[in-house]
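Several structures are given next for inspection.
Each of the next two complexes has subunit A plus one more chain, namely subunit B in the first and subunit C in the second.
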Partner chain A sequence: MEAHTKMNDVQSTIVTVIEQLLERSNKSDIQVSLDSPIHGDGLGLDSLETAELSAILEDEFGTDPFGAGLMPETVAEIADYYIEGDGSNASVPA
Partner chain B sequence: MIELLRRAAERDSASVAMIAENGTWTYAALADEAETLAHGLQDAGLERFAIVSNDIPLVVALLAASSLVGAEACVYAPDISPAELDRQAAAFAHDVVVSDRTDLGDPSVAVVRPADLRKAGPALDVLPERRPLLVLTTGSTGTPKGVRHEWSRQLARMESARDGSGQVWLLAYGPQQFAGLQVLIHVLGTGATLVAPSVRRPQAVLDLIHEHRVDHISATPTFWRFLLAEFRADDRPVPELRQITLGGEAAPGSLLEELRATFPAARVSHIYAGSEFGSTGSVRDGVDGLPASLLEESDDAEVSLKIVDGELWVRSTAGMLGYHGEDDRPAGEWWPTGDLVEVVGDRIAFRGRKTDVINVGGVKVHPLPVEERVAAVPGVRIARVYGRANPLVGAVVAVDVVTDEGVDERELKSAVRTACADLPRPWQPRSIQVVQELEMKENKVIRGGVAEG
Partner chain C sequence: MTTSIGSGSPRTVIVTGGSRGLGAGIVQSFLDSGDRVATCSRSETQAVKEWETNPDYAGRFLFRAADIADREQSTQFVQAVIDEWGAIDVLVNNAGVARDGILALFTDEDSDTVIDLNLKATIHLTRQVVRNMLAHRSGRIVNISSIVGLTGYRGLTVYGATKAALDGFTRALARELGSRKITVNSVAPGYLKTEMSHGLDEAQLDQIVRRTPAGRLGDPDDIARAIQFLVDERNDWLTGQVLVVDGGLTC
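Our next item is the complex of A and B:
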């Protein structure tokens, strides 16, 4: 139950952060869900927007999956980095 | 230096050269003190020495004394730690430091007390042919470089200086800084009066400015920004400044406007100078940047400028002889300043330091234009733009801001983004942090961050 709460908190923070980022990029019409792909037809974040997301996540959680060498493809995968690996303990894929 | 003191003393022996916390010095008294110390330097056989003191009249008297006997003086930071003193003394081969500080412990360098250098002797009327001076550059990290200068070159421009008696200047730079030396030379070379505080921060000098009716101030743009904030927060009417001089950093247009609005009677000028190439003089039109007309080369000009690959180069008759431990540089040498510039209309506009360039995914971003936009946002007291390392694009543009009290952080961040919205996308800040204070060194903002590789 505690893990569920934690997961929701992390996911909801990440979704909020991404919604604010999209709003600033004049893409507030895009719906953000856990399944949303970060790039392409999903959220459509370009390199600069992804770089900004990386900085915001680092500010928010002290670490971020991009900085850890990961390349998450969906919002859920970003959240998983913090939930499964507890952020700072996330493993780097081969 | 001694000739400046003597000239002003001859004009009016009672005119006040310096006002410091431990007393007021006339030009005549300061010239006498310098001559007394000069005899002491000769007696002690000191040909090179460091100075560690926050007693500015003493520092000036020692500099003047050294210029009288041809000894090479070098002013260290007045608050230097004993460990750093040892490091710098070793780096610049100083065996002796003249200091009135009692907290230096037991440094490896010999400490000579100023009182022990006060000796009587016959008048010293003939200036030596060689009169060296060592100035330390103010690197933001590590041991500074020693820059060898010659007093006669530094003082040449004061030969035809106008009489500045009656003007009251504030020393807002440290005596060890090249800019501080320039202020000393200018004020003492014009016979004006210098108020020399022991703490040279905006908050600390406010009372002195009012008490001594300071009407001329030369300082960094960062110092001016904070001084303006102090004046705004102070109940007293703002002092009637007649001269505002900016130097040491690029002067943003927004700051110049604010200074003009706050001090409508003041002349606003800025000085472009560097420890290596000397001062290129004062730009008095109150407009940001330098006149592009300075780029028109003339072989006999005291100062010439040119732009090579976007970087400003200077050739000056007041330039250094060379670095400490190195041979003299060739005469008339062009010097790369490290300042990136662009000609816009009839001005040379500064774009930032070469080492400050932020590489955002291969796009070179100059922090200054971004910083100017952010600094102009209402509620921003001061801003620092730098490169923040980023795993995806190498670096992103980051901003640290110190805000006025009561400013809504969310609204401010939004306003900062709006202010930068017209910039190319890589130039737009991707990280905005509200901080309590910016990291400073000698009243200049340290940009640091990720430099271009």
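Our next item is the complex of A and C:
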């Protein structure tokens, strides 16, 4: 698989996961893009929503950047964790 | 998303330390209510073998030999349950150990054993399960503490400290998870007829019975019924509490 195709898959999976999370939190009016900051004025996730995101990512990919002690600040930084290989055996579910 | 608590469909229940004593009574209770039950203990018992081979429980009983005071084994146990059944609906933190002896003669080793299991192992395992419950936004957690954490009992200082700490854990976690439809409560049993109370001599047991309004020691079933009540789907407004089930001993 070409590197950029894989990158898009990972990024779009993460964007979908976050959109679903926001929908559950009745915040579906918020637009999710790669450069959206996760907290504050961006997606505005609180600590519990961040924990949910961490758990859902772990379910999806087997590992997650928050659990690994990293504190990604944007959606792109979450994706980078998987793309750059920190998420060692991460693969996108078919 | 799973919303399987109650409403007739089987729930996925984890009971730690279900091979004997109170834990075995809790496992049986959830098997009887038609749920899927996963349990662990360091060694397998006859009760476990019978559950594993009983055709009535086929596909809804899972046992793993695991020492949950070992974080790796604890993680593997919870992962095995998630791999098998996905979403966890109910967690009963039952595994616990008591070492008796007055503090002045207590060894550090015994303190570690009691704190490592009753407190640290419970916290580690709960954290993993909470992550799963957050992902599906529902769940019921019951921590088995003890009246000894509420009243104090000579010779059980460290044990009592861990049980009082568990009740604090219950209250704080209930606050953290309340908005996610996850309830957290403690059940504080009085003295039960299990191996754990074998540390007490005949005279002590007689005295306990005499002071108990209900006039007897407790059965695992007395506690299991209280747990079933706390994890009932309808009881989503009951959280952060310590329910004392002791025949009235401490009232």
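FYI, the second predicted complex is superposed on the first by the 86 of 94 C-alpha atoms of A that agree within 3 Å, B and C clash if a C-alpha of one lies under 4 Å from a C-alpha of the other, contacts with A are read in each partner's own complex, and residues count from 1 in each chain.
As a convention for this text, a contact is a pair of C-beta atoms (placed from the backbone, for glycine too) under 8 Å apart; a residue touches a chain by one contact, two chains touch by 3 or more.
Please read all numbers here as calculations on a predicted model, not as lab measurements.
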{"item": "Partner chain(s) touched by A:54 [first = subunit B, second = subunit C, both, neither]", "value": "both"}
{"item": "Partner chain in contact with A:24 - subunit B first, subunit C second, else both or neither", "value": "both"}
{"item": "If touched residues of subunit A are counted for subunit B and for subunit C, the larger one", "value": "B"}
{"item": "On subunit A, the residue positions that both subunit B and subunit C contact, one per complex", "value": "24, 48, 51-52, 54-56, 59"}
{"item": "Touching residues (chain side subunit C, partner subunit A) in the complex", "value": "131-132, 134-135, 137, 176-177, 179-180"}
{"item": "Subunit A partner contacts - residues on subunit B that touch it in the complex", "value": "360-361, 388, 390-393, 396, 398, 417, 425-426, 428, 430-431, 433"}
{"item": "Residues on subunit A engaged by subunit C in the complex (per definition of touch)", "value": "24, 48, 51-52, 54-56, 58-59"}
{"item": "Sites on subunit A touched by subunit B in the complex", "value": "24, 47-48, 50-52, 54-56, 59, 66-67, 69"}
